[in-house]
Amino acid sequence: MELKNKFERAVVLFILFAGGLLVSLPFIWMILSSFKNDREVLSIPPTLFPENPTFQHYIELFQNLNFGVYLINTLIIVLFSMFGLLLNTMAGYGFGKFDFRFKEGWFMIVLITMMIPGQVTMIPTYLILNEMGLTNTMAGIILPGLIAAFNIFLIRQFMVTVPDDLIEAARLDGAGEFYIFFKLIIPLAKPILAVQVILTFIASWNSFLWPLIVANDESLYTLSVGLALLQDENVTNYGLQMAGSAFMVVPIVVIFMIFQKYIVEGFNVSGIK
Amino acid sequence: MKQKRLGFLLVVMLGAMLVLGACSSGGSSGGSADEDTITVWTMTPELEDFVKEYEDESGVKVEVQAIPWDNAHDKLLTAVASGKGPDVLQIGTTWVAEFAEAGTFLDLSDYIDEYPNFNPDNFYESAVETTKYDGQTIGIPWYVDTRVLYYRTDLLEEVGYPEGPETWDDVKDAATQLAARGDDQYGIEIPQVDQNFPFMLAWEQGWQYEEGEGAANFEKPGFKEGVELHHTFFEEGMAQLTEGKQLYQAFSDGSKPMFFSGPWEINSINEQIPELEGQWDVHVMPEAENNNSMIGGAHWTVFNNTDKVDQALDFINWMADPETQVAWYDTVTELPANMEAWEDPKLAEDEKISTFGEQLESTQAVPVIPEFETMAQELIDTLEQINRNDADIDEALEEYRNQVSSILSK
Amino acid sequence: MNKSKFNITPFLFIGPAVLLLFVFSFAPILVSLGISFTDMNLSGLANWSQINFVGLDNFIQLFQDEKFLQAMGNTFFYVIIGVPLAVASSLLIAVLLNFFNNWVSSTFRVVYYVPSITNIVAIAVVWSFLYNQEYGLFNYLLSLINVDSVPWLEEPVVARLSLILLAVWKSNGVSMLIFLAALQSIPKIYYEAADIDGANRWHKFFKITLPSMSFATFFVTVTTLIGWLQFFEEPFVMTNGGPLNGTNSMALFIYQEGFQYSQFGYGAAASFVLFAIVIVATLVQFKLRKTD
């Protein structure tokens, strides 16, 4: 579908601009507030631009945060989460493109894991990790979050739309199943995978609960846990919190910018429904 | 070929994971395996640098693990569930009962005499009260916390209370005058979600909670008087019911010249509204039958599974020392639980802090029972019904008593 | 595929993920289901011999707990109004963005995704100001056109609607991305063919666009529904369930009654009531889709 003329273009652009402003206001406020002193952060009506810009919160952040260790831990988790994404993609493909016994039952098990609030299963999950001897290990931090039903479901939904003929043709050419998956399916799934990479990155970059629960040692903490430690019991330091969030959000925006263009690319393969 | 390479990749990845696991799985049960190392869980990260002095003195290595406040409860739950905890842990006064009931802590009763700094006479009586559960002593007080009245000296002077209101009648009189200044002007900020505040009001009307009496406690007259007092402020427009402005803004522009809060607020006000200097002060709680405030703060406890009891107790003994407590006050402005520490000029010569010291003499603890939090939350809901929904006080309280009996019978 | 003989291939694909999910997500759910029939609390957690089997007591008690019933009613209120709004608004944004294929779309893709990556505290502070009854921006704007101040967060029904507005605002990002990816996958030929037939824009939207992206719409609807049934964060940070329990949701109830107060048995029972609702809603959607 395309817009017919300049006027329509202008109208749609205007709507997008107005909506965009509304949607990004708290974000802009968050960034700008990281340069405000604490009193200004909460003043009513709020100020948008800091009256007396200060870098105090950023200085505090970098002085008090045990950066090196936390950053490495966070990056390890991100790395493994991408491996988890591969497993999710494989499973989504399996559910979308194969027939096997009890397929719907297996898939229901996957979906069910989305249907219970996380806090309910926190303690049982911890006890399982404990039985496996994985408390206070990196593996214990990574494993519970590695697989996400949401991702499997999304990929499955996409895979259903990939024509069977395409895969059959490749099989007739003698291609192995994994060859088909990596050389045919993954390139085809680029847009949906781009979405997945973004979501997976954000989730693992912000990982908080499991590093905190599983670690019996600060050497396994992540950046998010480190940031949470800077908060006082009684006095919320909003400026510092905003600086922390602003700092954490930079890599997310970068990853988003890189991968969002794949969302609209690809799909040159003709004949896809 | 391709397929094999992928298989290889998978094996490598999974292998890497197991290695990762194996590498870091050092200490198995509670704390570290090393004789001369103890692990300590705290919610105050500043402790990490603070314990260096102790490490030098004692030769024991203290591994401090800081835990964010908001998630400390979850972290403690998993420690209780698996039996894998630290050697020493900080516990807030409000969590004592539920975790003590679950047997999380070592009973320290037999050790009290062994360490000079554990003597209960060293500490505020109400703080010691919150270390006791079911005949056991589960912790040694570390720092304390209480509530006092913050007020604008200039504005209170205008209505005849230059030194701040002494009694609840004074507060009502001053607040009525101040609220009459015009629209959007109030006399005082009254907490609506603070779990301790309604109990403080009741104590001050002479009410006491007796553990054996259960729900019948809330039939005693003082309790209703406390609830009525709470309601009066909203009913007569002395306090704002809706969200309104941020408190410091309202304190600074004078629209809310009185509020109740803890010691941390002194530094916050100095930092955030420095121009108000000389125009505000703190005063002990207003009096009716008495002026009792709540006691809060944190204790040091020993995790039940530890095999390093002596090292743990030695560390706690150091933390409980008056000198250490003064130094800790200097580091993060938490109030010492040890009364001797209050003789130090750093505390004694600070007028505002001394007011807290004076208030601490008349403090009491909320009931140390596991059901307290649920009970208090129901009370908050009941007050909301009265203040916002015009519920009849007698009926609402009767309903509350029913709730309490069902909570206590669980 | 030959169905008569066992084919290992699909299990190679789903095996690792399903295995991990089973151990770390599904097994804990089974454990919780067991817990829901007990009176487990903190003491029980520490010492399993203190846990008593109580049969259906927790469930019976739940359906007599006014607070829970109210939370359940509120949750239905959120879902019935919120889900259609959330799906429609993210679809609308995606469609509008899809009109452009230059800097506009790439910039606004980021912009519209931004609420998903904004710190929840920043969101709470800003929206609390917008909704502040005396000093908030919304009521100020309304006062300019002589409308009385609205108690955005101070009156139960209004507060629920306010939270829905906030949640829709916040939730658009991910669904929008999925819709965008789906929109891109619709071959241009379809539209060209329709143009030749002289179809108008609405016609094209309902006859080509929507059916071609039904896989995405289905996904977004199902996950949005599941998400909204577990509505938690907005009341948690904005109202804590108040005023008068009017914005409390089932997930928040579970958090407060079950886990803040360490009544694990009761909390687990409440989450299985929620679970039953979620699974029925999901199965209904799968059934509806089959009959399409």
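The chains carry the letters A, B and C, assigned in the order they are written, with residues numbered from 1 in each.
The rule we apply is simple: a residue touches a chain if its C-beta (ideal position, glycine included) is under 8 Å from a C-beta of that chain, and two chains touch if they have at least 3 such contacts.
Please read all numbers here as calculations on a predicted model, not as lab measurements.
Engineer: Under the document's definition of touching, what chains do chain A and chain C have as common neighbours?
Structural biologist: B
Engineer: Identify the chain pair with more contacting C-beta pairs: A-B or B-C.
Structural biologist: Spelling it out, more C-beta pairs touch across A-B than across the other pair.
Engineer: Using mean CA coordinates as chain centres, what's the chain A-chain C distance in Å?
Structural biologist: From the centre of chain A to the centre of chain C is 16 Å.
Engineer: Roughly how far is chain B from chain C, centre to centre by C-alpha average, rounded to an integer in Å?
Structural biologist: Whole-Å distance between the two chain centres: 35.
Engineer: Would you please write down the residue numbers of chain B that are in contact with two or more other chains?
Structural biologist: 77, 81, 245
Engineer: Give the residues of chain C that touch two or more other chains, as numbers and ranges in rising order.
Structural biologist: 16, 45, 132, 135
Engineer: Of all residues in chain A, which are in touch with two or more distinct other chains?
Structural biologist: Each of 42, 44, 119, 123, 127, 143, 177 in chain A touches at least two other chains.
Engineer: Which of the residues in chain A end up touching chain B in this complex?
Structural biologist: 37-39, 42-44, 64, 76, 80, 83, 119, 122-123, 126-127, 130, 133-140, 142-143, 176-179, 182-183, 209, 212-213, 215-218, 220, 225, 228-235
Engineer: Give every residue of chain C touching chain A within the complex, in rising order.
Structural biologist: Chain C residues touching chain A: 1, 3, 7, 9-14, 16-18, 20-29, 31-32, 35, 45, 93, 95-99, 101, 104-106, 108-119, 121-123, 125-127, 129, 132, 135, 137, 169, 172, 174, 177-178, 180-181, 184-185, 187, 191, 201, 204-205, 209, 212, 215-216, 218-219, 222-223, 226, 230, 232, 251, 254-255, 258-259, 264, 267-268, 271, 274-275, 278-279, 282.
Engineer: Can you name the residues of chain B that touch chain C in the complex?
Structural biologist: Residues in contact with chain C: 10, 73, 77, 80-81, 83, 98-99, 101-104, 184, 193, 241-245, 370, 373-374, 377, 381, 384-385, 388-389, 410.
Engineer: Which stretch or stretches of chain C touch chain B in the complex?
Structural biologist: 16, 39, 41-43, 45-47, 128, 132-135, 151, 153-154, 240, 242-245, 256, 260-263
Engineer: Which residues, counting only chain B, touch chain A once they are in their complex?
Structural biologist: Touch list, chain B to chain A: 2-3, 6, 13, 17-18, 20-27, 39, 43-45, 63-71, 74-75, 77-78, 81-82, 84, 86, 245-246, 248-249, 262, 264-265, 268, 271-273.
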